[in-house]
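The two complexes that follow have chain A in common; it is paired with chain B in the first and with chain C in the second.
Right after this comes the complex of A and B.
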């Protein structure tokens, strides 16, 4: 055993700051904030009413948190399994109908449904990964695309078969408008936002603070390396897909009182989640949450800027602009 | 400890390895040298369970190792530092090292192991909060070896650890290999750069087009005419 220091390594590079928050792209976050402020000002000029704009901002942020949670699940799955999961929105739709069934059929409180839907969606995700997707791991993108599209078709049509095409709804007992920051928001919308942030925070802590979470990030970073430290990557793939699906499931329960429940509702969330994931940087979990807020705001402010158009139009304009200027997404790592 | 008999393997019907016989005993450094494309990496991948052999047997510590999952082989103590290092770039140095504890995560004595690695490679202690991808090549190699040591290997297989390193750093890494052996870990060292590997090794094999063409003690091979001509450029 040599006791003297063995390494006198000259080839050093600039050390990166140690804390994770110091590594966040603060400059870009600043630019995004500036863009949001500009959009708010524009919306004000256009509508001429502070109340309307404040309302749009509050609604946008509240729904944006939920978009963030949905997208976190999708981006996690992409980052770890390298699978572009087109069935993500369909899993959310399953959760919507499960909620509906538990609330309308069994008389359960809409948020208590979380206790059943969350584990159920986790399990469903695990089973789908293990028995349907495991065979497609490492296969060309087209294969995965067809398989996940196939899963979403099967889910949508099964929902149609079981529940029919009639729109359903879930209502929260005692739901009413609450004054918040000069605007009014339904209690259910505020609680959806809070719930989404809490779950997003828990997911973040899982990934950052536990050895299981570190293993998930390790597999995302280098799956060959993960195998070489004895991580059974198959198991991590299954678990990650289950967690990602549970995110969609939780979001489904949280938004159930806010949306019309139809088999196609999932498709809408699917599109939004994909936009958010790309904006936030593929595989970037924190970026997904921030991207969710951006998309929520874009959707609501967009309705003011281009009245009469689909709210998704402005979302797509933002999406295309960001992709042109910064293909790796707003918060993605710059290509090195 | 490791016994390989008649091992053949390849990729998609393309046979690369032809009936290899190879052994590593406890406390040994064994070198596997050979030219570019000779099949050294394929050999290690097969031993690690990443490539399935088409024929032959591998036993490790007396147990059958063919058809065992790579992660299970690591748990049994057969650990590889692969070509390209396979570090977790966006994770910190310390997180990379702690991942090496994965198979033993229910045990309690993790920090002691961490101290041992830092003792071997003090630079990693200095950089412990830095992201792995920001390290220099030499530091990355040390991190890769350190991470593998955290798994408590019985046999450590190193695939060209000196690639891309300055002569000085190569010396540092190879010196660490000796220290590791002295701590009771057998080492299978794959090198294209045969001179240093042969000098370091107790025994060595020469691989050519997927077959072992020579074997002997490190000293014997280092002075062998054929080896000197083909691999040492003398």
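Right after this comes the complex of A and C.
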């Protein structure tokens, strides 16, 4: 008698499909936003200059978009293949060197290099997955982690071996400061941000609106089940790793005009990508993009909050706090 | 849990060799290796010391990550704490490196305590745990790079003394004493590893690694023994930091806390055999000489490698290839694979 109305109540509630925005974790997004606002206010109090703070916020958001793109590839690979890919940053380093040689050696426009680097990295990713990682699928996590570590050692030090440690740079023709929102940002930085957003959008559409994307998401959710309904999981593993690697490649081309190109540059992006991935929730592609923005902001505002310290220190403090308090990520669904 | 359960627990997880045999092998190893410096030229002795250093670091990593099952990607944190404690006390305060070593050991163990309590209190596992260790090492690196207290990015040079001295742990560059100190620390590491495994605490740690819920259900305070394992491992790693500083006479934040050092602690154990007592030693013997072999190769490269003359990085490329091959072909490492073959007969 008592349970009757409850059942009826539930039946009426479950069929109503909730809109996608209603399923977003609004409370947590609010908390993150509040933390960002608090950091901005604190940064303003410490530096006492609106210009400095606006500059930090603009720079942070712009670079955060690129971090997001790098991390989207990493988190996609984790979500589908269950691999913690320590070689992700070194793929980015390969893309940096590739675009350096296309630009400096062959006189190509820095962004046209994308047309060559993107397919090349896609192919490289596919080959690495097929011939190296495939043998370790389903093995303990440590083994896969160590294999990707080995791959990153080989790539990073091969770059060192063949190209030496001298820093190189790519310059974008017509690169100049552009005023936005009371701050100044180089054109290359803005274009990198826009490019990252466009590519992230394309990736999102690929995952949500195509049959390949559906298959990838099915494998991520349950690979045995996906196999049972006729999805070739090995093929999906290979394609996913290739897509993830291509993300790192695309990010490499976009940031080439912004960074000094050295074999170790990849390692830096690798660590940042891990922070972003954990912040966004491992396997959560949209979370990775948002996490990228948070890390970009944390880095820039952190430099103001702890003057004299490396901007990355604040990023790591945020990282450890998130790892300890909310390892499923700021934007992940709870309990997953 | 009374004392009657102890023998049962101890016999259950016996490794393939009995304890006395491990101790005997250690003793034989020590006796055989003591006269080694007389047979080696200075260059070979430098290689031998690198092998011992690798072995100490990897024995330490193996205690935490092999026996404890807590994958560490930031062992450089403990190494750097050992090196920096020794360097700071010696350069800024004029304290003997032996005391510096002891202080480093204590600080590293306390650091591991804090890290372990935090990470295990929040039940981090697998990749998340590894990332937390990486983050702690990186935070120390960034802090040291920007802190006036420890000379920022410049790091420390150990001041050269006019004469050899045990008290200052400083000898002529080709002195056999460095070898003896390194050997002593490696033997100590092996003993710690064997005796820890043999102890009640070590058995509890193994049980907690294999199934922490079942262990907790049996009344083992899982977190306490995992943290203890981390502290033992950290303490041993700190001694390697002191040894490195006194032998190479220089340390900076990237060397001490960089991920290259963490990787050097991981590789020998993985190649030799994770969670075995002798794996790290065998891996170190395989990896240690590689740096010199590749350096010699690149100094006088064969014609087809001419364009690589004077470049670095080949040794790590070989490490990486070895690592991938070992994981794919011999996931139990060299020692693990050999042991399986023997025990099958």
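Basically, the second predicted complex is superposed on the first by the 316 of 336 C-alpha atoms of A that agree within 3 Å, B and C clash if a C-alpha of one lies under 4 Å from a C-alpha of the other, contacts with A are read in each partner's own complex, and residues count from 1 in each chain.
The definition used in the following text is that a contact is a pair of C-beta atoms (placed from the backbone, for glycine too) under 8 Å apart; a residue touches a chain by one contact, two chains touch by 3 or more.
Since the structure is predicted, the reported quantities are computational estimates derived from the model, not experimental observations.
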Self-check item: Touching partner for A:152 - first (chain B), second (chain C), both, neither
Solution: second
Exercise. Check whether A:218 is in contact with chain B, with chain C, with both or with neither, and answer first, second, both or neither.
Key: first
Quiz item: A:113 contacts which: chain B (first), chain C (second), both, neither?
Solution: neither
Quiz item: A:232 contacts which: chain B (first), chain C (second), both, neither?
Solution: first
Exercise. Could you say whether A:267 touches chain B, chain C, both of them, or neither, answering first, second, both or neither?
Key: second
Quiz item: What's your read, chain B or chain C touching more residues of chain A?
Solution: C
Quiz item: Is A:139 touching the first partner chain B, the second partner chain C, both, or neither of them?
Solution: second
Quiz prompt | Sites on chain C touched by chain A in the complex | solution = 71, 118-119, 122, 124, 126-128, 130-132, 134-136, 138-139, 142-143, 145-146, 259, 263, 266, 270, 274, 308, 311-314, 316-317, 319-324, 327-328, 331
Quiz item: Where on chain A is chain C touching in the complex?
Solution: 84, 132, 135-136, 139, 141-143, 145-147, 149-154, 156-162, 164-165, 263, 267, 271, 274-275, 278, 282, 308-310, 312-313, 316-317, 319-320, 323-325, 327
Self-check item: Complex interface listing, chain A residues touching chain B
Solution: 1-2, 5-9, 11-16, 18, 23, 211, 214-215, 217-218, 221-222, 224-233, 333, 336
Practice problem: Report the residues of chain B in contact with chain A in the complex, numbered from low to high. | Solution: 48, 50, 69-72, 74-75, 79-82, 85-92, 95-96, 98-103, 105, 119-123, 127, 129-131, 133-139, 142, 147-148, 150-151, 166, 168-169, 172, 175-176, 179, 182-183
